[in-house]
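Each of the two complexes below includes subunit A, the first together with subunit B, the second together with subunit C.
And now, the complex of A and B:
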């Protein structure tokens, strides 16, 4: 029966999603427990900070630059119609700092860093490297996962800050090119109309996004089954789960006006 | 001393091991043989504490470690070295980093670690390979690095899961010579899973035949080819005809 199949499919998907959510919650609790006391492997931490942060700057810069420019292009018709050149900076900056910047940078981060993290941990799982650590009485959570989670949270915040600045620069350049708005006018618009809260709102979001991307990517990595094919499936699942979690978190954090 | 008392392992509805009772005295060398998918690797991982039994008890040196948490198992695992079937070499470390890893985690001085790594690599025939990454190694080389890592910290118990798989016959003989010399010197207990029964029996004193999830037979290694059990005889001789299923 078509109806019965649909209900069965919905039910089985709901069970699968619940199982994943439960597993992610358990991993999150294990990570918190491993942070008490906070004994991080320094070498792993530094290595991951570099890998996840430094190497992500170019792609984040590119994304951010065009995001800022895009906001100006979108606002251009209204700015021209209303002769509101003094508000062009506010229009672009408000959207970039509070919303578009953190989200796009987080999604780019998830696609690059989160996916790579899942692939690495997944490969380590199927090749028994995690079992190898446990056999040496090393807790994989404390040794491998906690440094990655901390690195991803710290670096996403840093990348968001860098991205915000580059986005505003991009807005200024595009505003000059498209609307012939001088840099000084754009700068004044930023300073007069944007508040520190607008910037911090985006930073808080990026912290939450970093945590969700980190925990989901690690979870799907360490629960891989089925060899190389399983690793591919896990990467796909991790990116989708991270994207969904970013959108949900964005909604609730915006609603709560954190 | 390792004691498995009526141990069973289930993965979901599938029983991988059932009613396994086995005693391995301190200093003994025991070989685990059996058809593919009979539970040999699971048995070794269970002894290492990487798989929890769903029934029965695992006792190590008089202490019941069944169901122990990872933290409480740590001092037990510190006395165990393990060679994994798929090497389990850490992709992010060089050969030197992999082999020295157990000593580094114990806080040994860098110069001591470096010397012992050199000695171990020379013993397994990989002198000069310190700077290579695992991705640059052949399967046989990875196996030898794994053996070096499993034994560098002089553990009291060493578990070998297919120690000579992928090695040519000459290298296989050299490996077992090395393992014999190691164990003669250290007196460590050894439990080795292998499909190469002919080579394995040159190293171990006793074999356990795991069949359909059970410890079907235990007996002297030297005479396993003439074991009274027809299933064991068929397996060891590689005969196509006989009562062996699967």
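And now, the complex of A and C:
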């Protein structure tokens, strides 16, 4: 009996996951289709760019600052043991630009912007505003979803660039405070050991992260059912799906590029 | 002229309102924390206290067992990526990959394992707690609890708090193991590092384990407190629940990062180069 139950459970989980993957793919195709004659609602786009980008700068800056500092703190035992101060900039800069910076900023972005987007679209769905738009012959995908997807992609890239800079500054400050390494030495270590590819690797990853966060959060937003409880559940599902997709994309993009 | 003065006063009052709001929120968060600690005593420290039957086990199941697959997948992939990048750099700069596994394990145990597991948990568990408590708040179930003479913090937060501490510790240990295993596999398959060289535990000392476990404990305590606080602050209807969930994810992720930073700097300050 127990075995049968477990198999049923696994099967229904698998079906649910495939249904969601299929739904996300269809939504993605619809978004691409809506982009073909590229008519964007400019007002909605600008509003979203401001809300998603500018308003996220403080939290992204704080996260990035701590991330840069943490990388130096993690490298500190070696640096102190080997007396190799030039290593600190290499380790911290490389880790921040290629991996930790884009991932942590994307996770924060998914928490702040992605979850918020799901909540907003979910509320609109629950209160039947999407049907209202359809009744007015306005395509909700073109009017609501495409501007959001575009602004999330653009803004995550911008925030990653800003965040990288702040993380490197944070690394310099923490290196000065904890290890007593002069700013000039850290700067020289960054310049010597980091290549433009390291930076670009992080940036193009963040473009992919932005797309996946946008599409998953919109999907879970427009498929909400069941009032306030449903909106909460959808936001939960959206952040989980965004986190998984960020990790998977990170893995594949790291392998493809080299 | 008066326009400029108005503008300046407007900015000052906006900054002031922001600061007052921040201080008030911090105080409220602190009260929730103290209330939860007191609630543990009220619920579990005394004989004959009214406890919701099976709540702790249920929360442990929701927080721990249901997160298992999520943690295994995300932490496994990030472990592979981390070791891939590390091997790439080491082979370019040093050319010798025999040290990668040893150093990676030290880093996993004292930092990456617990922190990344907790980051993942703060999205899943934090959002879940805030969504659940927030929905109860906006549908006035929290007020109903208070009316029946039950403190909402005792009934809702205490089981989640205890369950989250236990399960974050467990999942952090699992996360470390998975990251290490996935990293070893990647190093072996992509860079031909002998697993016997990679899986060398000689560099890990008790202090690394203690630091990692302390971090996991702090994250496990912080996530339900921050998200429960956000859930209890939910207002309005479905939009309020969505806001609360967003705030919970951001707040608990940020709590994880700042706790990590504080504990890491503290440990470095105490132990210096011996860490």
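The working rule: the second predicted complex is superposed on the first by the 257 of 258 C-alpha atoms of A that agree within 3 Å, B and C clash if a C-alpha of one lies under 4 Å from a C-alpha of the other, contacts with A are read in each partner's own complex, and residues count from 1 in each chain.
As a working rule, a residue touches a chain if its C-beta (ideal position, glycine included) is under 8 Å from a C-beta of that chain, and two chains touch if they have at least 3 such contacts.
Bear in mind that the values here come from a model prediction, so they are computed numbers and not experimental data.
Of the two partner chains, neither subunit B nor subunit C is touched by A:18. Of the two partner chains placed around the shared chain by superposition, subunit B and subunit C are both touched by A:123. When the shared chain is aligned, no partner comes close enough to touch A:54: not subunit B, not subunit C. Of the two partner chains placed by superposition, only subunit C is touched by A:115; subunit B is not.
Contacts of A:8 after superposition on the shared chain: neither subunit B nor subunit C is touched. When the two complexes are superposed, the chain touching more residues of subunit A, out of subunit B and subunit C, is C. In the superposition on chain A, contact of A:135 is made with subunit B only, not with subunit C. Residues 120, 123, 127 of subunit A lie in contact with subunit B in one complex and with subunit C in the other. Of all residues in subunit A, those touching subunit C in their complex are 59, 62-63, 66-67, 69-70, 73-74, 76-78, 80-81, 90, 94-95, 98-99, 103-104, 107-108, 110-112, 115-116, 118-120, 122-123, 126-127, 174, 178, 227-233, 235-236, 239-240, 242-244, 247-248, 250-251, 254-255, 258. Within the complex formed with subunit A, the subunit B residues making contact are 45, 48-50, 70, 73-75, 77-78, 80, 82, 84-92, 101-102, 105.
Listing the residues of subunit C that touch subunit A in their complex gives 70, 73-74, 77-78, 80-82, 84-85, 88-89, 93, 103, 107, 111, 119-120, 123-124, 127-128, 130-132, 134-135, 138-139, 237-243, 245-246, 249-250, 253-254, 257-258, 260-261, 264-265, 268-269, 272-275. Residue ranges of subunit A in contact with subunit B, taken from their complex: 47, 120, 123-124, 127-129, 131-132, 134-139.
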